[in-house]
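To keep things simple, chains are lettered A, B, C and D as they appear, and every chain counts its residues starting from 1.
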Amino acid sequence: MYTSETFIRVRYGETDQMGYVYYGNYAMYYEVGRVESLRKLGLTYKELEDMGVMMPVLENKSKFLSAALYDDHLRVMTTIRDKPGVRIKFEYDIFNGEGRLIHQGETTLAFVDKKTGRPSRPPQVFQNVLKPYFG
Amino acid sequence: MYTSETFIRVRYGETDQMGYVYYGNYAMYYEVGRVESLRKLGLTYKELEDMGVMMPVLENKSKFLSAALYDDHLRVMTTIRDKPGVRIKFEYDIFNGEGRLIHQGETTLAFVDKKTGRPSRPPQVFQNVLKPYFG
Amino acid sequence: MYTSETFIRVRYGETDQMGYVYYGNYAMYYEVGRVESLRKLGLTYKELEDMGVMMPVLENKSKFLSAALYDDHLRVMTTIRDKPGVRIKFEYDIFNGEGRLIHQGETTLAFVDKKTGRPSRPPQVFQNVLKPYFG
Amino acid sequence: MYTSETFIRVRYGETDQMGYVYYGNYAMYYEVGRVESLRKLGLTYKELEDMGVMMPVLENKSKFLSAALYDDHLRVMTTIRDKPGVRIKFEYDIFNGEGRLIHQGETTLAFVDKKTGRPSRPPQVFQNVLKPYFG
């Protein structure tokens, strides 16, 4: 299992007239969680694309426990629970500035070869950096 | 059961560098599906808010079957399968211009009294317009 | 001069906690105005890209006269005032449901050859459809 | 004159199929620039709203010199050149990771009293923190 912590400041344009973060904007927060969790392993999603790997999203699930508010400094805990195969699942727990769990989400993505458009295994470098966490 | 049809044109700003609609933008398409399905019943979400009812999202789920592309003219079928209580669930089937099912989603929302911030039953007018569909 | 009319329904996710359309979302409305104005000439921006032409934005200006509100049915008047060369300028007047002018904008875009990355003249088909308006 | 520096990481969802940051997303970067420049003065926009002050945007201008790309770590220099009255103007210079100036923008906002909806002078605390920069 691999877990990583990232912080996100809620932008004004991400709120809606209810005064909450619009429900569609959490997907962007998940993306930041995923990308920064990989960066901490020394890997960028940008490099993966440059290697010819795309990672389209297959499934996404969200539970809205409490609202995130403008200017909240959110703590996003991103977890990879299972060793990635042709798919990888990221889970997110989002806490507001007061340390309260306000949101949970999960995203399943595929590894796809850019040239063939077909599912593929994760690139070797990806497998290497995650190996220590999935003995 | 109540089902309604809406069309959405994919905007350039909704795509990402993969050339697909960014996965976070479907939530906005769901919103359009919900809002237009209510409008066809003679009800606007705006009026609901003016009556003092908020409808925050509790849960959201998405399955990405195929990519939606720039300028696609999407057909969004929005369904309310069960009679709404303090919660209401909307389901969406999204088809691309060639008639292919490319995406499925569902959103559960609560009815909340704006003043008290507490869950409430749907306003009477809401119950009335849906009654014919949930004999 | 060429002018074209398009309608846009304001989405909930486009508002912010001030209760107005977030100022950054007008650029998307401009895009819809541009794209639909071309479509009415029998031309899609998608086709232009398929022909190997990109149209990156060079400049953008916006005047916010009054707020656009949730669910407003906006009327977007899009105008090409001058015959396009290697650049093209679109102007927009946006009216709310009550017919009041609430916003003005303009965008200058370049025609760029996708392969060379260099500025180019508009494709012949583009020049042809606009010719009647710029005798 | 007051100038402040902020960094923004480009998100995947902010790119479009051209592979660039969508032109409408810079307004959000400006917002981050403004908000963080105020925070460095010990002032949050959130507090201003809590004091009963709204700051709707009146005008916005953008020059796109070069594209911002996915995962770029942008440096946003935000400047208030003139002492704010009932209006305040922010200017932005955005540099990419290689230190190249890629974008320039400016936004004029009004100070508005939330209760009356009328233009007002900046709150005293706002004037105080800026005073040292506009002797």
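The rule is simple: a contact is a pair of C-beta atoms (placed from the backbone, for glycine too) under 8 Å apart; a residue touches a chain by one contact, two chains touch by 3 or more.
These numbers come from a predicted model, not from an experiment.
Chain pairs A-C and C-D differ in how many C-beta pairs are in contact, and the one with more is C-D. Distances between chain centres, each the mean of the C-alpha atoms, put A farthest from chain C. Rounded to whole angstrom, the centroid-to-centroid distance between chain B and chain C, based on C-alpha atoms, equals 27 Å. With each centre defined as the average position of its C-alpha atoms, the distance from chain A to chain C rounds to 33 Å. Averaged Cα coordinates give chain C a centre that lies 24 Å from the centre of chain D.
Multi-chain contact residues of chain B (touching two or more other chains): 12-13, 18, 22, 24-25, 27-28, 31, 70. Residues 18, 20, 22-28, 31, 54, 56-64, 67, 107 of chain C are the ones touching chain D in the complex.
Remark: chain D residues 9, 11-13, 27-28, 31-32, 35, 44-46, 70-71 touch chain A in the complex. Here chain C touches chain A in the complex through residues 12-13, 15-20, 22, 24-25, 70, going by the rule given at the top.
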